[in-house]
Amino acid sequence: MSYEVKSLNEECGVFGVYGHKEAAQVTYYGLHSLQHRGQEGAGIVSCHQGKLLGHRDLGLLSEVFKEEKKLQRLQGSAAIGHVRYATAGNGSVDNIQPFLFKFYDTEVALAHNGNLTNAKTLRGELEKSGAIFHSNSDTEILMHLIRKSQKEDVVDKVKESLQQIEGGFAYLLLDKNQMIAALDPYAFRPLSIGQMKNGATVIASETCALDVVGATFIRDVKPGELVIVNDEGYHIEKYTEQTTPAICAMEYIYFARPDSNIAGVNVHRARKTMGKKLALECPVEADMVVGVPNSSLSAASGYAEQSGIPYEMGLVKNQYIARTFIQPTQELREQGVRMKLSAVRGVVEGKKVIMVDDSIVRGTTSKRIVRLLREAGAKEVHVRISSPPLKYPCFYGIDIQTREELIASRQTVSQMCETIEADSLGFLSEDGLIEAIGLKFDAPYTGLCMAYFNGDYPTPLFDYEKEYVASLKAYPDVINTNGLIATYKGERS
Amino acid sequence: MSYEVKSLNEECGVFGVYGHKEAAQVTYYGLHSLQHRGQEGAGIVSCHQGKLLGHRDLGLLSEVFKEEKKLQRLQGSAAIGHVRYATAGNGSVDNIQPFLFKFYDTEVALAHNGNLTNAKTLRGELEKSGAIFHSNSDTEILMHLIRKSQKEDVVDKVKESLQQIEGGFAYLLLDKNQMIAALDPYAFRPLSIGQMKNGATVIASETCALDVVGATFIRDVKPGELVIVNDEGYHIEKYTEQTTPAICAMEYIYFARPDSNIAGVNVHRARKTMGKKLALECPVEADMVVGVPNSSLSAASGYAEQSGIPYEMGLVKNQYIARTFIQPTQELREQGVRMKLSAVRGVVEGKKVIMVDDSIVRGTTSKRIVRLLREAGAKEVHVRISSPPLKYPCFYGIDIQTREELIASRQTVSQMCETIEADSLGFLSEDGLIEAIGLKFDAPYTGLCMAYFNGDYPTPLFDYEKEYVASLKAYPDVINTNGLIATYKGERS
Amino acid sequence: MSYEVKSLNEECGVFGVYGHKEAAQVTYYGLHSLQHRGQEGAGIVSCHQGKLLGHRDLGLLSEVFKEEKKLQRLQGSAAIGHVRYATAGNGSVDNIQPFLFKFYDTEVALAHNGNLTNAKTLRGELEKSGAIFHSNSDTEILMHLIRKSQKEDVVDKVKESLQQIEGGFAYLLLDKNQMIAALDPYAFRPLSIGQMKNGATVIASETCALDVVGATFIRDVKPGELVIVNDEGYHIEKYTEQTTPAICAMEYIYFARPDSNIAGVNVHRARKTMGKKLALECPVEADMVVGVPNSSLSAASGYAEQSGIPYEMGLVKNQYIARTFIQPTQELREQGVRMKLSAVRGVVEGKKVIMVDDSIVRGTTSKRIVRLLREAGAKEVHVRISSPPLKYPCFYGIDIQTREELIASRQTVSQMCETIEADSLGFLSEDGLIEAIGLKFDAPYTGLCMAYFNGDYPTPLFDYEKEYVASLKAYPDVINTNGLIATYKGERS
Amino acid sequence: MSYEVKSLNEECGVFGVYGHKEAAQVTYYGLHSLQHRGQEGAGIVSCHQGKLLGHRDLGLLSEVFKEEKKLQRLQGSAAIGHVRYATAGNGSVDNIQPFLFKFYDTEVALAHNGNLTNAKTLRGELEKSGAIFHSNSDTEILMHLIRKSQKEDVVDKVKESLQQIEGGFAYLLLDKNQMIAALDPYAFRPLSIGQMKNGATVIASETCALDVVGATFIRDVKPGELVIVNDEGYHIEKYTEQTTPAICAMEYIYFARPDSNIAGVNVHRARKTMGKKLALECPVEADMVVGVPNSSLSAASGYAEQSGIPYEMGLVKNQYIARTFIQPTQELREQGVRMKLSAVRGVVEGKKVIMVDDSIVRGTTSKRIVRLLREAGAKEVHVRISSPPLKYPCFYGIDIQTREELIASRQTVSQMCETIEADSLGFLSEDGLIEAIGLKFDAPYTGLCMAYFNGDYPTPLFDYEKEYVASLKAYPDVINTNGLIATYKGERS
């Protein structure tokens, strides 16, 4: 589940437990299974005897809690935790969550997965009225709104605040009386409820975290819902009735762990079915099917099963963290790529290979892998992508924020095929993807947000609107008149 | 390629390059691809203007060379490196290689993969004559022998020294004039020669390291050979004519990376064929084939392809390093296991599962995985092992040194089936394994050391003889009169 | 200048420079000379091309900026820095200064030395109106007040804010247009202005920092003043006319470096004069005068010079950081004390010793040192303290916040003499102290805050009033009817 | 006791204890008081149930044992420890002591303070006979000699080995049966025996370490003696009768802690007497006497007391570790000097200052301090050195190994006075020094090695002979025909 080969980044994972005497340790285990959702930093806040105790830092969870006492100090029977995704810059511990706020009258911890589309506007308004922010995070905005709320009750304050924010979000809030989870009105980000053997309630970004801590799955949190967990157990309220399920399709395609279920659909199974659909839509004669590890292995095995072409391990991923040094020579720079991924000469030499990947972002990675396979002796390399072309940015919590960086917003399938130097290139259709996932929700979105493929955003874009419209003008839509499959016709040196 | 689920440990990997102006960086890349052979520590020594420069430390390669300057300091056009396997205790940097010896007349670096069977005897003799050792390593013994040699020439000194040591070894030696590689007379451990585009000669434990640095494979080092690399290029000599190829079968089964070739046989391909043979020898009706990640995935796909039963991702391995805390409750202890490996409920629930693994050492891991699958809803779990039962220790460089820890030396297949709580259990036969690997050497060993399966050691055991004979008496051989397959007959709660 | 033997703690040091192209490095040097004012954490913020860049962390300055690049990144021609004092708990990086605030319209850095007496009240009010605080620091309160201010100009906002806070403070503020320094209306804490050769303006807590960076002393900041430094140079304004100079006497007695001047009086010279006055007020026959290193050496040499009794090095301080382990035996616990301070047997054996120290807080340290001297063979130990008995807490920035911990608020000089096991004990009188320092300000305070000696606080105590009055009732004032000198009359075992 | 201002370095300190159940912790305390003798690295080896346990690393003692468990692991009732001095390069943990040797038949730990003059010859001979060294240390040589010895008994082996080595040394050896201390035949390096309350025997480089652990001083180890400590207590033997006491005079002048006694003479007292003698030999009219902290404070107070001129704190040393950055500008480079040492303007301004220092090595530090004083306003600066001019290298354990670096071997007192820009310069005479220390041994050396002053080496120089003779030719002896005092006659800008 390492995605460092890719340039797509998730915006975090959250986990919370209420009613377990080792709440922080349970949270540690849960977060560990969500580490693929964020590697920049991690943190846990627990509630012990009415006081919140927290620790957070930059780095992987195992680094942040390397000293055992850091976790042991987090006593108490309720805890929330967070893993944050890796960005290039801005590596400040100030942005690592959960945030822990101490007031004269209470203490509150907050963790957040997602992205608000009206954050800049809200922050500006709040600052104008004297608010001081200490991070770049959308999480702080919610805290300010809650504190500004004139409502009496905390739950009412939270509801009023949630009604003011727009975009994709899954929040976890902890104070001395309760843990509150909240999901946006579209359910862009996944969030599930589970129960441990001792009755403790667990909330997590993915069901794999429930499994790891031995919790039974209860149900997914639904769009616009608020889950309040306290000593009486949990109950669910709605803070809005305007809800439209539109789950991020990329969770199924790429982000989520294969052992997670989202809206009742197993992720591995969805991917394998995408691979099968892809084999039907974009068939090609070849000696073997090879998946790009690790996220495309399910789709590749589906393609193989459907096509009857053997599934082989033609690419091997090195699990150990590598660092690429600033190299004086081009020769060694290329070796750097091979440190992460190797083509297996003994498998692909002299063979026609179908290389299955889950998506193409910039195209540079695909080109490198095609080259690796050819250098290892592959006679032909046919690239098959188990999702439609990525053409539009996401504003709800995935790190694709400009059209410029997306090759499919500038090139046709045929041009991309040439760019990545494949013998042929095929993408899964939008309908194929929808059918493969097989959600049963109503129109308009039948439960899936597919905006990166078709620009059909379920919400207004607010702060991003202007910039987005400008990018549409700068990069007019590319029309693939001949469908989503192309074969290279020219000659190569 | 993470094997931490297993309790089998390799004894290291070596890499050397001669004639490349960025020798240390090339070595870094090469070692990185050999990291699966050892995670306790790593080191590199380079030769710059007649002086040897080295850095070594405990930890993964990326940790040892975290500060870029540590690598940059290692200038020069020749370098050797080493990764060392993880043992529980004895975590001293003194044992990390390459060793760097500075004499009044010369400097020598030495790195070693393997285990000597007469090390204790030699060390005792050397100490009696006044030698002082600074590590527990067999590497130092060779250095003492070389220094004691009365021969004039370094190559002759090395040859004379190699003639005195017994067991499995692949050595790399670097001084200001040359790099020397040496392999034991049985070629227990793999060692290959490659050439970079600029003509530099590379020696590595596995061919995957040649690929990563962009070197072309030249040929494997053969039993009893010495490779001398200097400014004139490389040439090969023999230090003994008594050679008997007996490559460690576990390299194919478990240790080596799937993209490596050993003796011309690709490791993934060998494993897939083991899986196919296993499907023929131990068939069973089921809904799916599931491999234990990562080392058993090739065998599992082979089993699936041969049997026609779909290959599924029923087990998911978490790639991030986990730590298990000293837990007060049994409940959380079990969660610790799940941090490394998860069963995919959405895949296995209600299904009959064939779980393919490469080997069974103590049986405890197999039992845990069977339980994970059942807890995730698997209706039946049929365990298939793509190698014969492990019954005897290895003295040539693998960390199975006592019979007591091997379940198969104490239990029949039928008993093991009950122990690990499987519905059925089947092992690949010795003949099946030999055919799957398909080496073409002569008798007696046809090129493979299978001693852990049949106790047929290619060499006398020297220092280990007495203890081994005692263990045979304590644990008389278990005879599987009904073959290598068993079905559980009783009832389970 | 190491004060770890003592249980008195300063509340920080600040340093700023405007107009030097290596502003952050100048600040590093300046802060290093102020390290004695705080060892818990350190930070620097610079202004580069209109943006603020900062780094702060727990630990000594040399640890915080161990990696050179951390300082190099802080480019720009203006910078402020801060060292923070060591407290037992609460070791969170969130409290380390300077604080760096990023707003939609500006960026501001703030550093603070002192303590506000109405902080709790202000914070409560601000939180009630929706403010969110991220630290326990009084610094954040000022920032909130500034942002709430309706004034147009930054300087006016700062002035309005300063008028709302009470207590002791020296603030440094940096934004892209200017650096602003502000001192409380009593000048409890020292703050000086200097000029570097290139014309850069420097502001520092002590003049020793000006010397270290090669700046010429211009003048001290006066009570109620605001220093605005920008590209046009510096100019001084007042934010209040109600000012009463009352410099913290403990700065002279203990905190400040001996090479600093405060209000034109050199600290070493003041201390030496205290020692001379003490010799006149509390004479005793003896063989030698020994100072408790390091803060009492000046007073001890004054005592020696005045009395004509030789000054000897009878106590030696180990400069290296020691740690005391949790010891199973009492024997080794006592050795822990000796790790910091040793009595010199070869000097004191068989001698009558006058031990000069600057103050007595709890009395435990004095007792230990008396014992050390006796164990090293001293025949008599006469303790002389170069300041009056500490009886009252400080609310303006020194870490003596409860009367309970002060031995002199519970015991007479005679009782204290017995407690610390001295042969005699004498304190400097208040008048002696005032004369020794020799400030020339008007009544009521003649420039010195002596509240810890006489309970005469220059300001109302606001948030501390209630608790303080209660402590007065619990511990009624101890009257030393026989003056500040006592001789032990009883017998000792 | 921080000597980083100086360029003189000691070669280590040793400490051992036998018969205390917390031997490693006692050793930690003892070593901490010897930290001034070496800051590069530290280590401790204990003996527990017949096994030796050790930990060593680069850095200060408090860093090496930062994790408490590192010390706790070192169980057992005997332990030896070592602190090693700081050199620029060669910062390898391999050279940190004690060395821990594990043989098939025994385990031995060795620690060493000093320098052998025939080390190179011995090492060459040993290597020719097959020995392998792992460090650059003289310690390993002794171990090889011991192992080569044909004697039966360990004590006899050690004696035979000690008879083969030449130079200055104090060794501590620990095995499962005993602790052995050995001192060279000249007692160049100090070594003392003490006894703890429980009867445990302690051996330490300086008596201050005995005081810190609460041990009573028994007696100094004498030249050529061996102290054997075991379960029966300690007894003393001699390994040679050719002994000539010649204690390193620099121990009194500079290295040792003022609270230590060497050969019954207290170091502070010796220094103070040097200062008094200096005042008699080199008087000058002035306003004050200022010592260079910390090592010259005793001598300065002696000078003041003898001359009747007041002793003042005109120089202040910053106790916190500073780092000087690679500066682009000369201006900031000079500030770097001030970070370590500040002149106190409020004290020296307009005054005639006598600056007392203990020695002049290169002259650069003296020049800087003179400048600091002048920049702080001193009207005149008269430098007085409490030892004779350093003209010759030391081969017995002090880091002055070439004549070239010693200013006094190239310049007369008059020239030096000009070089360091002093108004006058005076040195203590050799006779004055000898009288001040006041040892009562016989000729030829009356107990003191003064070779750095007069070239009269008590031993042949062996491996250093050739180089030393060459340096005498290159730098012929400088004769101070006008005595050891000079006044600057010219004018200065």
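Order of writing sets the chain letters: A, B, C and D. Residues in each chain are counted from 1.
Here is the rule we go by: a residue touches a chain if its C-beta (ideal position, glycine included) is under 8 Å from a C-beta of that chain, and two chains touch if they have at least 3 such contacts.
Chain-to-protein mapping (UniProt): A, B, C, D = Amidophosphoribosyltransferase.
Computed from a predicted structure; not experimentally measured.
Hopping across touching chains, the smallest step count from subunit B to subunit D is 1.
Between the Cα centres of subunit A and subunit D there is a gap of 62 Å.
Taking the mean of the C-alpha atoms as each chain's centre, subunit A and subunit C sit 51 Å apart. If you average the CA atoms of subunit C and of subunit D, the two centres end up 36 Å from each other. Those residues of subunit D in touch with two or more other chains do not exist in this structure.
Interchain contacts (touch definition given at top) occur between A-B, A-C, B-D, C-D.
Residue ranges of subunit B in contact with subunit D, taken from their complex: 93, 101-105, 120, 123-124, 127, 129-134, 136, 140, 143-144, 147-148. Touching subunit A in their complex are the following residues of subunit B: 1-2, 22, 25-26, 28-29, 32-33, 35-36, 60-62, 65-66, 68, 71, 197, 208, 211-214, 257-259, 261, 265-269, 272, 294, 297-298, 301, 305, 310-313, 316, 318-323, 325-329, 331-332, 334-336, 338-339, 342-347, 376.
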